[in-house]
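Can you keep this structure in mind? I'll have questions shortly.
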Amino acid sequence: MADQSSAVVSDAELREALEVVFRANSALYKERGFQRRLGFGKRPALIVIDLAKAWTLPGHAFSCADMDTIIPANQKLLEAFRARGFPVVFTTTAYDITDGPNSDMGLWGQKIPLETLSADSEWVAIDDRIAPQPGELVIVKKKASAFHGTHLASYLTANRVDTVIVTGVTACACVRHTIEDAIADGFRPIAVREGIGDRIAGAVEWNLFDIDAKFGDVEPLERVLQYLQSNEIG
Amino acid sequence: MADQSSAVVSDAELREALEVVFRANSALYKERGFQRRLGFGKRPALIVIDLAKAWTLPGHAFSCADMDTIIPANQKLLEAFRARGFPVVFTTTAYDITDGPNSDMGLWGQKIPLETLSADSEWVAIDDRIAPQPGELVIVKKKASAFHGTHLASYLTANRVDTVIVTGVTACACVRHTIEDAIADGFRPIAVREGIGDRIAGAVEWNLFDIDAKFGDVEPLERVLQYLQSNEIG
Amino acid sequence: MADQSSAVVSDAELREALEVVFRANSALYKERGFQRRLGFGKRPALIVIDLAKAWTLPGHAFSCADMDTIIPANQKLLEAFRARGFPVVFTTTAYDITDGPNSDMGLWGQKIPLETLSADSEWVAIDDRIAPQPGELVIVKKKASAFHGTHLASYLTANRVDTVIVTGVTACACVRHTIEDAIADGFRPIAVREGIGDRIAGAVEWNLFDIDAKFGDVEPLERVLQYLQSNEIG
Amino acid sequence: MADQSSAVVSDAELREALEVVFRANSALYKERGFQRRLGFGKRPALIVIDLAKAWTLPGHAFSCADMDTIIPANQKLLEAFRARGFPVVFTTTAYDITDGPNSDMGLWGQKIPLETLSADSEWVAIDDRIAPQPGELVIVKKKASAFHGTHLASYLTANRVDTVIVTGVTACACVRHTIEDAIADGFRPIAVREGIGDRIAGAVEWNLFDIDAKFGDVEPLERVLQYLQSNEIG
């Protein structure tokens, strides 16, 4: 996860310290009845969060780490979804009015550099390595959550989806808020560990820990691919 | 933050390790244009998240730590809000149908022990030390976010609120999801450091770090109390 | 539908004139591809809108007409739903803060007399003739739609409901807005003709006409009761 | 309003009959405390609903009547808004996936001919006579309401708008649902009589009657233009 913290705490040291804390926290959670398993449902959709060029390629304020793991994991999931014909949804985040008093960036642009995500820019297009195919939805969202201010929930409900397989970036913002909204809206969220990234040290770890404790099941890619081959879904 | 992790990593050691990581992460965020200041607006509301007895008193699956700091901080905020007449909103989380096939716990009850939060129970009443007064709203929510499936957003909009001062528990679930939704809905979220808690080690720290980087300003109680005395709001 | 307009246009005359217009409009709609049939789905919920005493009994600003038809129709539907164990949801509309600057009536209270619907009042309780049973949800809403600012959509999604059978009052406000939101959210709305009323002449007729053309199927009670006996749902 | 009903009831006869009914209904409403005035707020936005070519030009399933009145009324409003710099929002309704099992038309496409509203088609572009200018938002919605599944509410909140001036088509679907949602969300809806149309006889009349009674103020264009010149807004 990048070398930005390596001067003082190495990535390995950070992960080790967090693992110790997570183990103790998990003991408390289990004793109290948290960290239960949701399990998979009968009709899944894939929600690929913000794997557009501003996030997947270097050189942008939003560039993220670990794409050599994240892109192949998403390619495998796309292949499995396309083989079965289940719904695939990509999101990107982009703005039509990036200056002036009537901007559509809202307050969020006062917190993070949304002015770099113009809808006219090539940066907000989905990465070519996982390019959407005809019949797959690309939702241009304005907020962190793929559900907030979009037709995603109604799209899933109308298509009788009960399970959302979630990947993409970033763990600490768009992926997490999407998963929190998914379970609140009544869909089973499954976070695919190898398919999710961030740009700062530790954020993947502590956000997946919180998600698995309270909002969705965090599962390895292999387990999700097995599920997608099951005859009990459709 | 409790002693549950003390066998291996002490609270002090954990905080120290996280501080090192946060400093490195902040350097990257600042260079990239994240972690900006939203600032305060002109008409605030106080949103007190889930300081009901199941969370504030010992002996319940949902009991949280640090109430000797959190309760007094909330008392000071309530006093300041009441002196100015700004809207005060409390939330609690409770369910009307905690068993059978048509429960209102949704999928969330398959992840965490919502069955202990019956609407009939005294556990879901707001803590007596910060008891709501007439004219203050108590919203019974079903999900983590105070905005999800409630009339909070329309209440704030109709009352021309532009800033939400957020306190309560837990940092990693209801407080965080509320703040994410607040900025998405167009309100300035301010998280009050001393007024927010959790039940596991590290969760306050990493969630306030993520919030301050991307969703709302984390401010000390003292700064918020000063703001509430300003003549420029009303 | 009451005698308030009888001085100049009798109810029969009004209905006759509207029927002529509806026939011509239906011809245009059919030619253009509107007024299609949604049909019934596989798992229904009953949504009984605002059949609380302020609406079902005389003597209140919100009192409605035709309860001698509406109440028995709803009793028959409740009996059928309870026999099958499908979810039953009642709504009422009530406010916690009916005066002062921080009221929860929002702007709607500046348009219609919401100040008569205090949450403390017996007027907002569901009519005794159709009293909710344990395990049935009573949602206290603040707006016209049963979906707006409530957990109804997530409740239905989590319980895998695909069809909402809608009854109650008033046709021109709470019933209509609920049905518009239902189809927008991805649920099949069925309006039960004998179970829906209003307090002004013509409103049932023109609102059910608009609903059937664009938002949901308007069906006679008999047809809905047949559906509820089908072996293909569950 | 077209000649489709003229064989049996002329437009003039229909309007006359409805006026009689509306007068009697208004008497009841006024006695009961409905039909109050919301009034104008301090910061307006213009919401132009679906004045795209499929609705404004002849030859499409969605073509509407009365464009010789509606287009000039909207031109005057646009001029007034642009002179003051208040936010202007256009909506259109369009779909990315109009066939196959994973369509984004949802259930609504089973009720009305959404398959004619492909996002690729010139039909869904805003009418050239009222073309959006840079800095004005065009929201592509999927449902009747401009608020449902869009970022409109958060856009208005972040920009501190308190009043929405609503025009466009159709009175019985997208205009009405938008106005119902607007007041539910906490914004003052003003329907501009000359700027709103439909495609069937009577629909403008009965829907504006219902709206004015319960959801928003229906005002003549002249009154709205006066308001937009006031020095008390900004």
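We just call them A, B, C and D in the order they show up, numbering each chain from 1.
The criterion applied here is as follows: contacts are C-beta pairs under 8 Å (C-beta built on N, C-alpha and C of every residue); 3 or more make two chains touch, one makes a residue touch a chain.
All values derive from a computational prediction rather than experimental measurement.
Asker: Comparing A-C against A-B, which pair counts more contacting C-beta pairs?
Answerer: Spelling it out, more C-beta pairs touch across A-B than across the other pair.
Asker: Out of C-D, A-C or A-D, find the interface that copies B-D, where copy means more than half of the contact pairs are identical.
Answerer: A-C
Asker: In whole angstrom, how far does the Cα centroid of chain B sit from the Cα centroid of chain C?
Answerer: Going by mean C-alpha positions, chain B sits 36 Å from chain C.
Asker: Where the centres are mean C-alpha positions, what is the separation of chain A from chain B, in Å?
Answerer: Distance between chain centres: 24 Å.
Asker: Could you work out how far the Cα centre of chain A sits from that of chain C, in whole Å?
Answerer: Their C-alpha centroids are separated by 39 Å.
Asker: Show the residues in chain A shared as contacts by 2 or more other chains, in ascending order.
Answerer: Those would be 106-107, 143, 148-149, 153-155, 158-159, 184, 186-187.
Asker: Within their complex, state which residues of chain B touch chain A.
Answerer: 2, 4-5, 7-9, 13-14, 17-18, 20-21, 23-25, 27-29, 32-39, 61-62, 106-108, 110-113, 116, 143-145, 148-149, 172-173, 177, 180-181, 183-184, 186-188, 199-203, 206-207, 210, 213-216
Asker: For the complex, which residues does chain C have touching chain B?
Answerer: 85, 87-88, 96-97, 100-102, 104, 106-107, 135-138, 141-143, 148-155, 158-159
Asker: In the complex, go through chain B and note every residue touching chain D.
Answerer: Spelled out, the residues of chain B in touch with chain D are 153-160, 162, 184-187.
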